[in-house]
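What follows is a single structure, written as structure tokens, with notes after it.
As written, the chains take the letters A, B, C, D and E, and residue 1 is the first residue of each chain.
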Amino acid sequence: MLIAKVIGTVVATRKNSNLIGSKFMIVEPVPVMNGGAERLVAVDQAGAGIDDLVLVALGSAARMQTGCQDASIDAAIVGIVANPEEIFVKE
Amino acid sequence: MLIAKVIGTVVATRKNSNLIGSKFMIVEPVPVMNGGAERLVAVDQAGAGIDDLVLVALGSAARMQTGCQDASIDAAIVGIVANPEEIFVKE
Amino acid sequence: MLIAKVIGTVVATRKNSNLIGSKFMIVEPVPVMNGGAERLVAVDQAGAGIDDLVLVALGSAARMQTGCQDASIDAAIVGIVANPEEIFVKE
Amino acid sequence: MLIAKVIGTVVATRKNSNLIGSKFMIVEPVPVMNGGAERLVAVDQAGAGIDDLVLVALGSAARMQTGCQDASIDAAIVGIVANPEEIFVKE
Amino acid sequence: MLIAKVIGTVVATRKNSNLIGSKFMIVEPVPVMNGGAERLVAVDQAGAGIDDLVLVALGSAARMQTGCQDASIDAAIVGIVANPEEIFVKE
């Protein structure tokens, strides 16, 4: 998983029927990930909002949540990091 | 998922039988994705055309749509972003 | 999927039993993919030869073809692009 | 898999129910991997602690462990490398 | 798949029970792959040794071999390239 920040949203009026009701968030990995700022569109499964720090699961892991098993989802917000102090890195 | 633009098409007359009827589009991530312009071939599942902004799902997520479960597909257009204003990024 | 060119072959005399009979081709993405020239070994499922332009599927998509479901395959040639004019990119 | 070092932790109070009880560790590939220092969040399945050298499995491999099959996990610590001498590279 | 060279080994005394008996090899893609020298830990399924040229399968493909279906494996050596002449590239 990645720790990312929710920086935006995107709407797709026309989409696969298995995506109806999904909320698409644009997320950007935080600098502590050391991996650049390439963004992703992730489906919200945790009630996230703009500026939230979140855990993002990629690939088939994004379809483990009840109700999402058959959705065309390759990235999902699976947790909320309530504040930056919950990230500890021993530098 | 990625937000991408449909920039082309490709035809494969000879192909796996599970791909017959698939429409192959060449897509390029939009700059807001922050990830370079590496292109992909994605199977259209949403009725996309050249110049459309689309949502692209990668990996096994591309095979969730009815009728595609057993196709040799690793990328699919799963939604259409009707206009650029539907992309919101808090910069 | 990627559009690639078949540039070589590799033989593995000793291999997993589920790979017996597989033809391993070395493929290189074409420049129109915009993604560098990193090569892959892909199993031929479409009757490809050296210099052919092909569609390559990655990951579990490479195991959708009949007879390959249980093979140790993560990349496969799933279609042949008969000539370069079948690739259209609106530049 | 990758050999990585456990360099931190992250807590997500609100998360998918299938992640309750998971311990999230921040891991960084060791230099011998030759692949940069991009970090990941991996779920601990082996009893790892800060500064441990570990084996990290990515993708669906992270969900093979008993009790994790249905969790939203795309990276897991699946082994502990007890000391650096257990890594042998013929340079 | 990738063509790689076996350049080392790693031992994990404490590991997931589904990995007991696995031999972990450190592999490095060969220059003909054009993709840099980022290394991986792959489970040996073909009887490989140090300095061998091998085929490496990534992702779920690494779990196709009998006895490995439920192991926490995301990379496996699935074939041995007996000598460099078995790699043909038309330059």
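The rule is short, and it goes like this: contacts are C-beta pairs under 8 Å (C-beta built on N, C-alpha and C of every residue); 3 or more make two chains touch, one makes a residue touch a chain.
From a predicted model like this one, the values you see are computed outputs, not experimental measurements.
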Smallest count of steps, each to a touching chain, taking chain D to chain E: 1
Computed distance of Cα centres, chain E from chain A, in Å: 31
Centroid spacing, where centroids are CA-atom means, of chain B and chain C in whole angstrom: 19
Where chain A touches two or more other chains at once, by residue number: 36, 59-60, 62
Order around the closed ring of chains, commencing at chain B, then chain C: B, C, E, D, A
Interfacial residue positions of chain E with respect to chain C in the complex: 1-3, 32-36, 45-47, 55, 57-62, 64-66, 76, 78-82, 86-91
Complex interface listing, chain E residues touching chain D: 7-16, 18-19, 24, 26, 28, 36-43, 50-51, 59-60, 62-63, 70-75
